[in-house]
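Input: structures, listed below.
Shared between the two complexes below is subunit A, which pairs with subunit B and subunit C, respectively.
Let's look at the complex of A and B:
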């Protein structure tokens, strides 16, 4: 893994910025939504992060449970969005 | 005559046994199943020593186990005490201690929570709903125990007995228990069913967790009407596009939420891509809805009634203000003035008093006091005659609850909400006592002084706090934030903690909170501008007020 690995950046953002280092380390298959890890403000910050960090456009219609359930589903979504763009 | 809240369930189960009572995710329970399962849970609770008048804590995520627990506890003759599953264990402990609670229904308890329970020496003896945990001081009963017992008939109770106790933020740091009897709960159910014409054909969206008083509509009113309540987990409110899909697929007819969820739905829920025509009532409460958002709502849902629901948890609901659909005589363009809280509903009287308890004349501003059949009995730790909580009107001999809300009667006679007389604020519908937040911050050894305050944001308040620290302490607040997260429910933890050298002062030397609020009012909200991270501190969890 390198610093440019999207998953690593994503996990770091969720862990440090959204959760404020307050809980045990999360893993890529953790349920972000049900576990009380993130609130609605957090989702909005996460979307803004994805757009600036990865240069993808995240329309509101894509901000769904299927796409944002775990770090893995978010990474998959970002990858698909990047592919769609190129 | 139906007297007890669970009598409504029994009646609906007789009338429409196969109707779905509660639906959540992929699970649902019919009225017959809910009646049966809750009666079995009552047996289990009796067997574990629950007696009439006891309190039983219910700490569950959204799911069909919630209504089974609510009604099971009541059938066992006890009062249901909802506990926020996302609140820190210390909160659970303080509620268990305050309420002298020996029984808890929950799905899981982390080891850290069990440690905390031991450390706090709570009266807890039995945990129901948890599988295969071993802990020396507690007896565990799995949910499957319900299958092995027979349902019992509800324990006879007087309707003045407590049905549920909601613990809410208290200014001293100790949660305040709002005690509702079967009578007050049932009065609310009856009046709300009547006001909104709820029938067995309705499908009610319940977005409020059980510990939030707005859940009473989905849990009690809908059951009285024999309607279906769709329990919506918090994850849906976070992802409005999923929420709007759910409204469409579940054919929701009555929506009830805080304005924040509605605005999210309008702004990010792609409502134009969904068929939301099943909605006939949009109820909102807890906070005001900005007129421009109401206008947007009217455009998106031209055929739905909009109702501003007002009432502190202590009285359930006490006023309403309806906006009729255009097709039924409602305005196409809404007024730009704030939406009134409206008219007192039935079985309810109001007084508007000045600080000396004199009746405010004409259109003057004063505190609203309410006497209603839906009013709580008392706060758990205080008497029914507590003079701070209640006002006794010598003319009528009636007891009024002091809401702490400032109101005025408008030109059209409708009541208008103007603010609070104390330091209670609302964030996304949740009541927060700023004194409680400051009390929690001040307990940290590095803190010299603390001020918590609220700035306005997109349709709700944002809770912020500022501190001054001991000279020797590092100006690092992550430890303090961690401590707050362990003490306060998530919504009461300030979004940002600013470290300052000094506070602005009033002439009398107190912290000038107004000035503080104005100073930080423009502090960027990283959530309002999509796609732009405008946070000057680069999204740091602990932004500094100035560069170090």
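Let's look at the complex of A and C:
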């Protein structure tokens, strides 16, 4: 598990912390907010998680559908941010 | 951990307090009765640099204070100025209008709007609440349809601070209803734009000296240059702006609590009943002690949040705790001040009652106390 592969930690956080261990698992392409899996508070908790867990800075202007629609887009965003940092 | 302010910060605070005491105190009791906004005091405040204290000089601000110093200064402003409506007007424009423009605006937008807002020429409003959506803010009905060169906005906003006299309004609208929260965008709508109408001032329980009302958008064209942030970026601008607003908008209430405490201590020493000052009765002195505790604990929370923002850190949890705690403390201490003053506190002519009426507004605007509790619980994963 490295910064280049954030998906496992990300999925675990979403499933267990934000969705409260719901039995239906989400896939990496599920629309998190639009699909009703998490609410707006969840997005903000997710931002805090990314900053703490992966050491990336998430400017407010980056919290858009392009970056936060699905676990995959979030993972891509984190990877890009990590590359930009190194 | 260092709780000391620098000499420069304290000097700035003292200048702000002296200015407010000398220039921002007028016949507020009469104006409160008439629900009248003090245009002259607004201009004086702008000329002193209050509106622009956190805005860079290149955009017409004074850049005279970092966020921590700004909080200390706004606290001093609240001590020196007893017009709660004016304080809300200044704070609402600074934190809910100017700051989003500074943080999300294009160079064009910063250059067009910030100088006019900082020098007091223009007043800005931030329209979020709608007739059918209050705390459930993301289910708003106002739409922005993309057309050639811009957007056509339709909808209404209500409970908007400064709306009846605003020159520009930040309006959150849906550019893509199918995308829900991701389909929101924020626009800067100028009052002279065709299809934009400002409603009348509402008569209110408190905060009567700040106009609050509705905004109506009827096929109102807004050029693309006036969209704040990205299309679909309304969720981000909204969350960021509201967090900053929660951090800053109540700083002046800390100063008001200090003023209130001093007034009560003075009265408790001067007023005698049953052959001794009323402060000798524990039912009075305990209230005063509780007011002091609320003041000091509120200060600590305000300073911690200001420090978090100065470090560029997220203050989601702390801002919600601050907004909840400080607004409730001010309301409780305002009630205590009326009780300590007895019948005199109940008479409008003494101004003691006005703080209480104003304070109730503070537990409602910028997210009610119940919403702050929801945020706190939500962040705890409940």
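In the analysis below, the second predicted complex is superposed on the first by the 80 of 86 C-alpha atoms of A that agree within 3 Å, B and C clash if a C-alpha of one lies under 4 Å from a C-alpha of the other, contacts with A are read in each partner's own complex, and residues count from 1 in each chain.
In the analysis below, a contact is a pair of C-beta atoms (placed from the backbone, for glycine too) under 8 Å apart; a residue touches a chain by one contact, two chains touch by 3 or more.
Since we're looking at a predicted model, the values are computed, not measured.
> Which one hits more subunit A residues, subunit B or subunit C?
More residues of subunit A are touched by B.
> Classify the contacts of A:49 with the two partner chains as first (subunit B alone), second (subunit C alone), both, or neither.
first
> After lining up the shared chain so the two structures overlap, which partner does A:38 touch, if you call subunit B first and subunit C second: first, second, both or neither?
A:38 sits against subunit B, while subunit C stays out of touch.
> Could you tell me if A:60 is touching subunit B, subunit C, both of them or neither one (first, second, both, neither)?
The answer is both, since A:60 touches subunit B and subunit C.
> Give me the intersection of subunit A's contacts with subunit B and its contacts with subunit C, in residue numbers.
17, 20, 33-34, 39-41, 43-45, 47-48, 51, 60-65
> Looking at the complex, which residues from subunit B come into contact with subunit A?
So the residues of subunit B touching subunit A come out as 61, 85-86, 233-242, 245, 260, 264, 267-270, 273, 478, 481-482, 485, 490, 495, 526-527, 529-533, 539-541.
> So in the complex, which bits of subunit A are touching subunit B?
Those residues of subunit A that touch subunit B are 16-17, 20-22, 33-34, 36, 38-45, 47-49, 51-52, 57, 60-66, 68.
> Which residues, counting only subunit A, touch subunit C once they are in their complex?
17, 20, 33-34, 39-41, 43-45, 47-48, 51, 60-65, 69
> Mind pulling up the subunit C residues that touch subunit A in the complex?
103-104, 138, 179-182, 229-230, 232-233, 235-237, 239-240, 314, 316, 374-375, 378-379, 381
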